[in-house]
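Chain nomenclature is as follows: A, B, C and D, assigned in order of appearance, with residue numbering initiated at 1 for each chain independently.
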Amino acid sequence: MNKNSFAKTPPRGWNSYDYYDTNVTEADVLVNAEFMAKHLKPYGWEYVVVDIQWYAYNTATMRDRFQYIPFGKNEMDEFGRLIPCLDKFPSSVNGAGFKPLADKIHALGLKFGIHIMRGIPRAAAQNHLPILGADVTADMIADPSSIAEWNPDMYGIRDCEAGQKYYDSILELYAAWGVDFIKVDDICSTGFHPHRSYGRRHEVEMLSRAIERCGRPIVLSLSPGPAEVSESWHYKKYANMWRITDDFWDNWETLLYMFDRCEKWQDHVSQGCYPDCDMLPIGKVGKHFDQERDTLFTREEQKTMMTLWCIFGSPLMLGAEMTMLDEWTLSLLRNEELLRLENGRFVSRQVLRDKEKCVWASVDPKTGEHYIALFNLKNEEQLIFVSREECKVMFPDGYFTADTEKMVEVWSQNLITVNNDIVGANVKPHGTALFHAV
Amino acid sequence: MNKNSFAKTPPRGWNSYDYYDTNVTEADVLVNAEFMAKHLKPYGWEYVVVDIQWYAYNTATMRDRFQYIPFGKNEMDEFGRLIPCLDKFPSSVNGAGFKPLADKIHALGLKFGIHIMRGIPRAAAQNHLPILGADVTADMIADPSSIAEWNPDMYGIRDCEAGQKYYDSILELYAAWGVDFIKVDDICSTGFHPHRSYGRRHEVEMLSRAIERCGRPIVLSLSPGPAEVSESWHYKKYANMWRITDDFWDNWETLLYMFDRCEKWQDHVSQGCYPDCDMLPIGKVGKHFDQERDTLFTREEQKTMMTLWCIFGSPLMLGAEMTMLDEWTLSLLRNEELLRLENGRFVSRQVLRDKEKCVWASVDPKTGEHYIALFNLKNEEQLIFVSREECKVMFPDGYFTADTEKMVEVWSQNLITVNNDIVGANVKPHGTALFHAV
Amino acid sequence: MNKNSFAKTPPRGWNSYDYYDTNVTEADVLVNAEFMAKHLKPYGWEYVVVDIQWYAYNTATMRDRFQYIPFGKNEMDEFGRLIPCLDKFPSSVNGAGFKPLADKIHALGLKFGIHIMRGIPRAAAQNHLPILGADVTADMIADPSSIAEWNPDMYGIRDCEAGQKYYDSILELYAAWGVDFIKVDDICSTGFHPHRSYGRRHEVEMLSRAIERCGRPIVLSLSPGPAEVSESWHYKKYANMWRITDDFWDNWETLLYMFDRCEKWQDHVSQGCYPDCDMLPIGKVGKHFDQERDTLFTREEQKTMMTLWCIFGSPLMLGAEMTMLDEWTLSLLRNEELLRLENGRFVSRQVLRDKEKCVWASVDPKTGEHYIALFNLKNEEQLIFVSREECKVMFPDGYFTADTEKMVEVWSQNLITVNNDIVGANVKPHGTALFHAV
Amino acid sequence: MNKNSFAKTPPRGWNSYDYYDTNVTEADVLVNAEFMAKHLKPYGWEYVVVDIQWYAYNTATMRDRFQYIPFGKNEMDEFGRLIPCLDKFPSSVNGAGFKPLADKIHALGLKFGIHIMRGIPRAAAQNHLPILGADVTADMIADPSSIAEWNPDMYGIRDCEAGQKYYDSILELYAAWGVDFIKVDDICSTGFHPHRSYGRRHEVEMLSRAIERCGRPIVLSLSPGPAEVSESWHYKKYANMWRITDDFWDNWETLLYMFDRCEKWQDHVSQGCYPDCDMLPIGKVGKHFDQERDTLFTREEQKTMMTLWCIFGSPLMLGAEMTMLDEWTLSLLRNEELLRLENGRFVSRQVLRDKEKCVWASVDPKTGEHYIALFNLKNEEQLIFVSREECKVMFPDGYFTADTEKMVEVWSQNLITVNNDIVGANVKPHGTALFHAV
């Protein structure tokens, strides 16, 4: 198996976190999956991902004090492998795990993903549970000094053969369930030891090996960010996606910061290797954080976000409760001229960036088809322009040979004529003009 | 109770760690206590301290892999309070705890101390044990993200009333046992979060409060170092001793570094408040680290160490297995002219320090009795001298009014005449000349 | 000479900076000196200090672009020693330097101080000027990589004999002029190399040596802060005052922060050794910063500031243009019951501090006379109290033996009765109650 | 002009520094240029670069004290532009500058480069020299707080129009001289402010703009390293080469470290954009550092260095005095099968790296021609192997389609047969096997 073939274009799907936090149930997942199958699947949206603490009971009952209940009740098998909480995922009864849910999602033509924390449950270590396929117990592979600063559930795993066996045993289980995607948390940037934020790279390697051994092409997504640019080789060799910032939410500052991160990561996007801008907090979000709301992003900001994610080549994971999406938001997610940027044939580069504006260009080197995005980072409308010559020199010779006279602005569908090699537009505050030429 | 009256001069005693590591037994403690009572007590040595993991079984059985066995078996009562491991401390049977041992030590005219890790056992949190006197269980007061990097036994305690109850409950137990001294570890400088190494100060305050409440004058010693000089006010308000370096062992580099630390801490020594230079690794040490050996310090270095500790005003805690002490080493520990520096009446100041030498002066401002120490930091013998004028200006007006003509060198008992206000001597490599005048 | 006898109590005076910036003239200095002689000298105010760039021409003419004009015209003798700019200090004509001005100030019964940047003028190095008394030129002693980040005038001096000669040569000049006080800048905390902010300590030693050699007791004041607590020994051995924060101005945040710094430095105040809280920005300030204003501090905040400075033991340097002081402000500066705290006999300690309040106690151990200050750090009025027992334990045995029944609140002159050992008061927002008992 | 077309493959040439330090003369340069023209030009070596302080007199006369004489005599025109020191470059007489030398080098069919420090001479600022084409003087554009920590000659230039004029004026001069290459120092990583090592990026932009304006295609090389990977976009937009480590010399540790840096920079090599591994310290080096020697690298290490530089795609700049090169060293520099890796058609990736070994693969995606390099990082000989499948997945789909049966080992010219997709060899300590298949 070649992990770069698991997801030939940036994964596109839905993740339960932004709306449901730790509290998503089987019913919630299914209703969203059905919506996706019906309304978004034709546009390439296919992953349905159950986020954090699906194994935990009583989640969100102590929200005023704890985001994650310390030493709470988690469902676990005799080998220290977490399995779904029966209160939230009743079909998991009798050891079925996520198989029944995954089957239903597959039947809709979709793919099924789950979130995990790296490591082995703290309770497994404390109780000396046996490791499947190894002759040691959990206390011997759990590293008592490797914890997540923000989540109390797990210990990191030592770099040893028996530790690998544990990762093998969970991936074997996930493969049996039919899992297509795992989002592994507290691994890409760990809160402890800020001076070595990618200090658990051996656990990434162990996960990668376990995926290979399980025989199922399971996409490996690493969280949270910021990933370190200087470690790009390692992420690319072992993983499929890795977060390039800390959690992204619906405020302009985090969106503005993403321009900086995309600049730094732009040379590292390739088939099977996707720097990840995180979930799209649009539509309705925040319910189980006790902050149910419509996204705080303006429409211009949403267009800017979608354009940046697509021209950069990020995975697209919807954070909204999908059944409550309005038509306008849906139109963002079904804009084929925009999504085309992620078909795997385009190469993109930032052309310029300062405090007021940013310009990206993208080209299919085989055909010359190209896009130019003009982003307005100011709070006021402004005229932004760029010469195509300036775009050209950001690419290898012969890539960007644009000489069309006409371009279409994707969001407005206005047709413009390129004069003197200059592409320009008046762009609204925090908004974007995206020009496309075939 | 005023904690500054618990130990009116720097505590002087013995600690099991340097020789026994995690493995000291009741018998070992008693034989050392008897030795101390007979040979050292007349010289002010009185504390007998049982160091780390007295509650743990099978200690040192996995030394090739672990200094501290992760998730090992620890003796604990129903309230999550650690009690002595019966294999090592058989008199603890039937819930007696350390009382029988403490009684014997008290009967010898000595004081009894124990080491603890800050916090509550991880197993207590995992098993939701009740907290004595509070209506919550351990999982609610244990902070799952507060661990020692180097020891797997405990979780830190949250800053809350129920957390205070836990500390109250253990101090109540220690008071009942007759404990006179606790050395609390992973609290003065915590390995995690190097940017806020004194980040658990609320646990120091809780311990201090718990001592007050227990009604027994228990000396509070904080470990490990380096304590931060800028936090001196806090240490002084709440504790009796605090380590000023990381673990001190028998090599010249750590001794040399102590000169730097003593310079920085010299203004913070007062009754009940003792910056701590750590144990004296002399005589036989290292047995249960599988490195049993005579101290690697030369005799000159041992004299230097003893002189620095005493003129600075550090607690003196012997690391050696006492029953194996030779006469020469014993003479170090019974040198009354040296130990006199720690009688609580002297004020000491570093006079000068560079890469080659260091000079300290100490004076009893009431009587004018004074000492001048000349330390040779070089690998070669050298002549070191200082004018008493230079010493004088390091003290408040009227403190150091030395004008005696004669001084005695403490180690050699040579008498010298002070000419032109200059005190000097040829000092051996890494050695010390200590002059005394009444 | 013993530098600790140069200023037996914390220096008290006036500094031109807060009002005049780089632009003070001889006439300005004289009118302020005369005011001081008449109105403040009886209360111990005696230093008149000319602050930065007295040697520079055209100061403040390019304020919109530069605080300090780069490579501007500076008055200098043939040995690279800066002398007063004739435009601002006409009496300096014919090589008289500051002598005529110093003479006038001395005639008023006051002392004269000047500000200098450490090092040698950049122009002297570039022009290879000779060093008085040495056989090398300035280019050989100037360190081209040692500059102030914020001022373009000087290069630091290398640690060598010829470098010492340069410092000797300027101190000789200052002694000849009759200078009593030098405030040396960019030396206590240097902006470059934040990881070794006290990296120019050899220049402190050279200055100290030069003062000794010049034979005149010149107070050595180091700027800017924050000085590092862990370097206290060095400051105390070589200097008389050193700043414990960056520049202090009239806003509450910098005043609030001073409580933190005073906590950390409290054990380091002694005769001749004064951690320095910086100038008092009260009355009229800011004129030559183009921000002439009445201090932004409320009256309560001014009382808090004065109380903290005095109970801590800081030097008191007035920043106001004195001739414009109003009666209320003058009363602050002539409050003998307050200033008494700085008579050299009191020892002070912080008793407690949290986010809402702070308590200090001060005692003359010889007589038992004592003060207790209650500081309200909140934006609302609150009741603050403390037990004298709690104050007592912050001091050595026998220092604080307060058992008076009555205390006077210094600012209001209200008499209170101490019940049950408790001292308390309602204190206004950002205000202070200061109790005094004889 | 498109800066990416200035050097379509990594520049290859000679630099005077490693052998001559600050002391190279016109005669030295010419004899080396002649050697290059005759012996190396056919293999693509063409740049002849005069390194640091060609404008300075008396260089190396105070070597025991200074690497660079502070405030020494530098040749300069009336506009503060440095021109060659006549003692070292006599043909510069009468304002000819480097033109006569450049002409001779061009006549040999070679290109001419010079080293400069960023900024404007300190003396120009001190003396208020006029800026050509601007109406301000040097003191107004020189930033007195922007200096090189290690070199005393210059001040950085402020980000302003008049500052741009100065850079324009020097590039105009260099263009008139016929300069083809500038190596700008203290700009890629600045010693001051370690927390913002690329803090002078506006000077890079100004230099880039000045090159465009001068109309001559002058290669822009930035020094010293380490460049920051996260700033790659900026380097690539404005410069042609940038150093990825600090100075590289002939010891194994710096070579070993280069493997780490090449891993991190591998995605950033493209036409006109060359991360730079620094000069090749082979043959005779070190003369004017008073350490004339044959390179300390073993032959195996030299082969490893050449292979890494070539497969990574670094510029190749010879540090040796060329006229003293032996035949074996010359053979390294004329190995066409090796140098072919830098023909601009190959794409290279690190395949694996651990403490013992490293493997790189390189492929011309148009033809399938490929190389595999096996590097032995150990001190002992070892067998190293890799599967071509593992190489394949490091590249985009369809790039690496290697299925040849035979490969040639470049250094030994041994022919091997690839069995089961495995390429392997016994590799000597610190040595390399480089396999090539067409």
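Simple rule for what comes next: a contact is a pair of C-beta atoms (placed from the backbone, for glycine too) under 8 Å apart; a residue touches a chain by one contact, two chains touch by 3 or more.
These numbers come from a predicted model, not from an experiment.
In this entry, chain C maps onto chain D through a rotation of 180 degrees when their C-alpha atoms are superposed, rounded to the nearest 5. The mean-CA centres of chain A and chain B are about 52 angstrom from one another, to the nearest whole unit. Rounded to whole angstrom, the centroid-to-centroid distance between chain B and chain D, based on C-alpha atoms, equals 56 Å. Our note on geometry: chain A versus chain D, Cα centroid distance of 39 Å, whole angstroms. The multi-chain contact residues of chain B, meaning those touching 2 or more other chains, do not exist; every residue touches at most one other chain.
Shown here, the protein chains touch around one cycle, each chain meeting exactly two partners. Working note: touching chain pairs come out as A-B, A-D, B-C, C-D. Chain B makes touch with chain A in their complex at residues 70-72, 122-123, 125-126, 128, 139-140, 142-145, 147-150, 152, 192-195. Partner chain C is touched in their complex by these residues of chain B: 2-4, 229-233, 236-237, 263-264, 266-268, 270-271, 350, 389, 392-394, 396-397.
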